[in-house]
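Note that chain A is present in both complexes that follow, paired respectively with chain B and with chain C.
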Partner chain A sequence: MNWGSILDNTLSFMLSPETIGFMLAALGLAVHFGYAGLLNFGMAGFMAIGAYGYAISILSFGFPWWAAMLVSIVGAVIFAILLGIPTLKLRGDYLAIVTIAAAEIVRLLFQSRVFDEWTNSADGLGGYHDSFRSANPIPEGTFGIGPWEFTSDQWWSRLFGLFLVALGLLLVWLLMRSPWGRVLKGIREDEDAVRSLGKNVYLYKMQALIIGGVLGALGGVVIALPSAVIPQYYLPSLTFFVWTALLLGGAATLFGPILGAVLYWGVMAFLAGLLPAMANEGWLPMSSTAAGNFRFVLVGLALMLLVAFRPQGLLGNKKEMTFVK
Partner chain B sequence: MSSSSPDPTASDAPEAADAPLSQDAAQELEGIDEDTVVETLEVEPTHEIHHATGLATGPGAPGVAKVDPILVADHITRSFGGNKAVDVDHLEIPRNAITALIGPNGAGKTTLFNLLSGFDKPDTGEWSFNGRSLAGIPAFKSARLGQVRTFQLTKVLARLTVLESMKLGANGQRGESIWQAVVPPLWKSQEREIEERALGLLQKFKLFEKKDDYSASLSGGQRKLLEMARALMTQPEFVLLDEPMAGVNPALVQSLLDHVLDLKAEGMTVLFVEHDMHMVRHIADWVVVMAEGRIVAEGPPGEVMKDPAVIDAYLGSHLDEDIGVITGRYDEEGNRLP
Partner chain C sequence: MTTIGSLRRRRSAPRASGASTPAPGPQHTSPWRGLWLIVVTFFVVILQAAAPATAQGDGSQVNVEEHDQNIVANVRYNNEPVAEVRVVVSGGGYEAEAVTNERGQVRIGVPTTDPYEVLLDEETLPEGVTVEGENPITVAFGSQFFAPANFFLGEDVRETASFMSQFIERFFNGINFGLMLALASIGLSLIFGTTGLTNFAHAEMVTFGAIIALWMWNLGLPILLAIVVAVIASGLFGWSFDAALWRPLRRRGIGLVQMMILTIGASLAGRYIFLIFIGGGTSQLPGTGGVRHQIFGPVKLSTVDMVSMGLSLLVLLAVSYWLLRTRIGKATRAVADNRQLASASGIDVESVTRIVWVIGGALAGLSGVLWAYFRPGIKWDMGVQILLLIFAAVVLGGLGTAFGALIGSLVIGILVEVSTLWIPSDIKYVGALGVLVIVLLFRPQGLLGRRERVG
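Coming up: the complex of A and B.
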C-alpha cells in the first residue's frame, strides 16, 4: 500500500475547488440553519442554479465570467424568493420538505430534454473556461510545495474561490454581530416571541434565505469553475454532504463551515485512497470499486454519531447549538 | 375538591417549585418568618396601591363605555370548528389603569388576547388601539404601535443571553436593517443607548447578575420577569400580560405585582389574565369577566366579585367559599398548595 500517495492526494484535495465550494455552501447553510433556524434541505438546488447560471450565461449568451457570476447570484435570489414565499410562513419542518422537493425540481429541469438547447440535458455543460482563465493574473507555470503544487490556472480558480470565502466570512461576521443577527438568532429560538416585540419575522427569514442561498450558488460556481456542470452531481445527496460538513464544523459558528468542509473532503479523499488499497491487499472482502463507494456508508455513520454525540460540531458551543431545545 | 379544579398553569408549577430560589427571591425572604410566607393567604404588593376610580361612564356592566378607552373592540368572534371560543360584542379597555381579564378555563381569555395582539385572526370583528384600527394588522405591526404582549407559556430566547434578549426588545434599531447592519458605525451609538436602558431595566427586575447567562438557565419565575422586562424594552403604551403570575413562587409574585403596579405608575395601560382572585382584587382597577367566550360582567373588583352573573358563571356552586381556594392555590385550611 502506498501511504505516501494516499496522504498526498488527501492533502491536495483539501485545497481543491470542490472543498472551497463546499466552504461557501456550508457557510450559506450556517446562515440558514445555524443562525436563522431554517431547515434548508435544498442546498443542492442553489448550487445547481449557481453552476448552470454561470455556464449557460457564458456558453449561450456569451457573457464575460464576472457577469455570468452575477447571473448566478440573481438566479439564487429569485429561487430563494420563490421558495420562501409559500414556505416561510409555515412551520420549520415544512420548509425542509419543500426545499428538498424544490431542489429536485431544479435538477430535473436542468436534466430534462426540454431545455436541451441551453442545458445539454443529461450530458451537462463544459468548455466555458476561457473567459475566466483569460482574467488570470498569475504568470504561466507550476507553483507550490509538496502536495499543493498546481498550475497557474489551477491556482487561479482556487485563489478566486478562497477570495469569495473570505468575502462570505466577512459578510456573515458583520451581519451576525449586528442587531440584525441578534433578531435572526431570536427567530431561531422562538419566532413568536420576536414577533411580539415588533419585528417582521417573515422579512428576516427571507433575507436569511437569500443570503445563504447566494453563498450556496457561489459555492456551486466555484466547484464548476475548473470542471464541468453535470446534472447528476446535484442530487439530494450533495445537500447532505454539505450538511455533514456544516455539522462537523459547528452550525452556529463562523469558521465551523470552513473547517468542516476541509475535514469532510480530507476524510473523503483519504478513504477514497485507503479503502480501495485495502481491498486490493485483500484486507476487505470486496472489490476495490465497492470499497471506494463504501466510504459513503462510513460518512452516513459518522453523521449519525456526530448528531447524537456532538451536535454542536467541533467549534460550536454546546450551550448554544443543540438539536434538543 | 378544590385542588381538582383544572388549571392550565399547573404544568408550569412543578418547574418553578423545583427551581432553586433565585438570589433576589432569597433576599426578599430574609427577615420574613418563613411560616408567614408559606401560610399567608394573600401575597400583597409592597407598594401602596391607588386604585383608579371613575373609569367607566356608567355602572359596571358588560360593554360599558369608558371615559378614556385605549382599546375599543366590537363584534369579535372566533370559532374553532363548531365551538365559538370568543364572541365579544363590545369591549373598552380604560387607559392608564390595570384591567384584569378573568374567567374559568376555556372562557376564551387567551384566544381574545391572541386576537387583540394580532397572533390570531378573528372570523369577524373590528378593534382599534388609540383610535387606529388594528383589524387585519400583523402582530409585529401592532407591537410597533405600542401594544406589547407576553405569553402564558413563557417564551424566552433560550440560547440568547439575558442581555441580548433585552436588547432585542428595543424597537426602531438602525442596525436591524440588513443594509445598515454591515456598517457598525451607523448603529453603535444607538446600541450603547439600548444597552444602558436594558441594564437599567435588568437592575430593576433584579436580573442584572444574570445578564451574561443564557436565558435557558433562568428559573420559571425569572423567565417571567425577563419576559416582562423584555416587553418593556419596546417602550409600550399598552401591555398585555397573559398569566404573569402562573407558576411563580410567592416571593417572586410579590415582586411581579410591584412591577405591574409600576407600569401603571409610569403611565402605561395593563391588561392581564389571571386565575388567582386575590391578586386580581389587589392590583386591578377594573375587572372583565369572561365565560364561554362572552363577557358576562365588568366593573371595579369589589363589585364584580359580588355580581351574581360572575358567581354563576365563574364560581358555580362554590359561592360560599374563599375564591382563592377555588383557584386551586390554597386548600381549605388556607395552606398554599405545592
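Coming up: the complex of A and C.
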C-alpha cells in the first residue's frame, strides 16, 4: 500500500475546486438551514443552475466568463423566487420534499434531449474554459509545495474560488450581525413570535433563500470552472453530501461550512485511496470498486451519527440548534 | 489529485449511460417485428447480391486506412443488424459519414483520440423504427485505437397507432404503475401518520424487497415463493428498522427534523450497501417482459402485467379492509389521526407503530418486486428513482391519509404514463413533480387531508 500517494492525494484534494465549491454550497446551506431554519434539500438544483448557467452562457451565447457568472447568479435568484413562492409558507417537511423535487425537475430538464441544442443532454458540457483562463493573471508555470503543486491555470481557478469563499464569508458575517440577521435567527427560533412583532416572515425567508441559493450556484460554478458539467452529478445525493459537510462543521456557524467541506473531502479522498488499496491487499472482503463505494456507506452513517449525537457539528453551540425539533 | 478526479468521473459515467440507454433485452413484440425481419432479410439479400460490385469500396468503411483511430458503430434492432443507415461522425472540425453494411456496422477513421459525436440519421431508418436511447452518442477513446458506438432501435409507437388507442394503452400502463406506487405510498403515509416521520429511506425498503426476491430465486426457489419470502423479509426488515433505530430515537425524544435527516443518512448508507452487494448492473427477475396478449381493443398486457395488477388490487383491498373493519386497523387510523388522543383513549400506540412498520415494510417490498417487473430490472438505486413519485402521490392525497395515498398514486401513475403522449419520455417524471409543487400551492393539505395538518 502506497501511503505516500494516498496522503498526497488527500491533502491535494482538500484544496480542489470541488472542495472550494462545497465550501460555498455549504455556506449557502448554512444561511438556509443554520440561520433561517429552512430545510432546503434542493441545493443540487442551485448548483446545477449555477454550473449550467455559466457553461451555456459561454458556449451558446459567447458571453465572457464574468458575464456568464452573473447569468448564474440571476438564474439562482429566479429559481429561489419560483421555489419560495409555493413553499415558504409550508411546514418544514413539506419544504424538504418540494425542494428536493424542484432540484430533480431542474436536473431532468438539463438532462432531457428536449434542450439538447444548449445542454447536450446526458453527455453534459465541456470546453468552456478559454474565457476564464484568458483572464488568468498568474504567469505560466507550476507553483506550490508538496501536494499543493498546481499549474498556473489550476491555481487560478482555486484562488478565484477561494476569493468567492472569502466574499461569501464576509457577506454572511456582515448579514448575520446586522438587525436583518437577528430577525432571521428569530424566525428560526420562533416564527410566530417574530410575526407578532410585525415582521414579514415570508419576505425574510425569501431573501434568505435567495442569498443562500446564489452562494450555492457560485459553488456550482467553481466546481465546474476547471472541469465539465455532467447532469448525473447533480443528483439529490449531491445535496446530501453538502448537508453532511455542513452538519460536520456546524450548521449555524460562520466557519463550520468551510471546515466541514475541507474535512468531508479530505476524508472522502483519503478513503478513496485507502479502501480500494485495502481491498487489493485482501484486507477487505470485497472488490476494489466495491471498497471505493463503501465510503458512501460511511457518509450515510456519519450523517446519521452527527444528527443524532452532535447536531451542532464540530464548531457549533448546542444552544444554537434548539430549533431543530 | 487527478486520480481522485478521474475516479469520481468514472464512477458517474456508467450511471449516465445506464440511465439513458435502455437495456436491449425486453422489447415489445408486435406485428412490426415480423415485418421488420422481412425488411432486414430483404436488405441482406440485396446487399449480398450487390456485394461483388461494392466489395471493399462499400460505403461502410470510411477513412479507415487514413487514420489510426477507428470508430465502429453498430446499428441493431431486436438484435438484428440494420443495413443502409447513414451514420455521421463529427468532432474537432472533422466530419465523415458512412452507411451501414449488412452486418449493421460502419467503421470510420478519425484523426485524433479526442471524443467524437456519432449521429445516426433517423431519416434513413425504415419506417416505424426509431433510436431508443442516445443519439448522437459521444465516444471517447480509452487506451485502444478503436471505440464502439452502439445504437439500439425500437418501434416508433407514435407513428404506428392512433391517438385514442395509444391513450388507452398508456392509461392501462398508468393504472399498473399507479397500483404499484400505491403499495409503497400507503406504507409511507401510514408511517408518517403514526410517527410523524418523513421516511426518505422508504426507497431502500422498496429496493430491499426486489433484491431479496432476486436472491431467493437465485437460490432456486420458484418465483412466486421467492416473492412471498421477499415480502415477509421486507416486513421483518421494517420491524427491525423501527426496533433498532426509530424506537430508541423516539424514546430519546429526538426532533422530527433530525429524524428526517437521519432517514436520509440511512437511505444513503442503505443504497450504497446494495451497490456493494449487487454491483452497478441491472438484473432481471424471471418472466420479465414476455408476450403481450391482446385483452380488448388496443390494450395489450403481458401475463406479468396482469398478475401484477391483480396482486396489487388484492393487496390494496386487503389493506383497506384491515384499515376499515379490524380493531387494529381502526386503531391505526386513530393513531395516524392524533397520536396523543389515541394514546389517551387506551390504544397501545407503540404496538400500533410496530405493526405499521411491519406492514409498511412488507408493502414496500412487494412494490419493489413489481417495480422490478415494471422498469424492468433490479438496480441498486431503483427505489430512489420512484421515491419522489411516491412522495408526490402521498402529498397529493394528503400526508398521513392511507386512502389519499392510494388515490394520489393512481393519479400520479396515470399522469406519468399518459403525459408521454405529449412530452418526451425522458422528462415524464417532471410532470408528476410539477403536480407536487402545484398541489402544495393550491391545496397543501392534499385531496383527502385536513387543513390543520399543514401547520
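FYI, the second predicted complex is superposed on the first by the 321 of 325 C-alpha atoms of A that agree within 3 Å, B and C clash if a C-alpha of one lies under 4 Å from a C-alpha of the other, contacts with A are read in each partner's own complex, and residues count from 1 in each chain.
Heads up, the rule we're going with is that contacts are C-beta pairs under 8 Å (C-beta built on N, C-alpha and C of every residue); 3 or more make two chains touch, one makes a residue touch a chain.
None of these values were measured; they are calculated from a predicted model.
Student: In the superposed arrangement, does A:Val114 touch chain B (first), chain C (second), both or neither?
Tutor: Second partner only.
Student: For the three-chain arrangement built by superposition, which of chain B and chain C touches the greater number of chain A residues?
Tutor: Per-residue touch count on chain A favours C.
Student: For A:Val74, select first, second, both or neither according to whether it touches chain B, chain C, the two together, or no partner.
Tutor: After superposition on chain A, A:Val74 lies in contact with neither partner.
Student: For A:Asp123 in the superposed arrangement: first (chain B), second (chain C), both or neither?
Tutor: In the superposition, A:Asp123 touches chain C alone.
Student: Touching A:Trp180, do we find chain B (first), chain C (second), both, or neither?
Tutor: A:Trp180 contacts chain B only, not chain C.
Student: Once chain A of both complexes is superposed, is A:Ile138 in touch with chain B (first), chain C (second), both, or neither?
Tutor: The answer is neither, since A:Ile138 touches no partner chain.
Student: Looking at the overlay, does A:Leu263 come into contact with chain B only (first), chain C only (second), both, or neither?
Tutor: neither
Student: Give me the intersection of chain A's contacts with chain B and its contacts with chain C, in residue numbers.
Tutor: Correct list for chain A: 325.
Student: Residues of chain A touching chain B in their complex?
Tutor: 171, 174-175, 177-183, 185-186, 188-190, 192-201, 207, 319-321, 325
Student: Name, in rising order, each residue of chain B that touches chain A in their complex.
Tutor: Those residues of chain B that touch chain A are 117, 119, 138-141, 143-144, 148-151, 155-160, 164-165, 167-169, 171, 173-178, 181-182, 184, 187, 191, 214, 216, 227, 230-231, 233-234.
Student: Touching chain A in the complex: which residues of chain C?
Tutor: 1, 3-5, 7, 9, 11-12, 15-17, 19-20, 134, 138, 198, 249, 254-258, 260-262, 264-273, 275-276, 279, 384, 388, 391-392, 395, 399, 424, 426-427, 429-430, 433-434, 436-438, 440-441, 444, 454-455
Student: Considering only the defined contacts, which chain A positions touch chain C in the complex?
Tutor: It comes out as residues 5, 9, 12-13, 16, 18, 39, 41, 85-87, 90-94, 96-98, 100-102, 104-105, 108-109, 111-114, 121-123, 147, 227, 230-233, 236-237, 240, 243-244, 247, 269, 272-273, 286, 290, 292-294, 296-304, 307-308, 311, 324-325.
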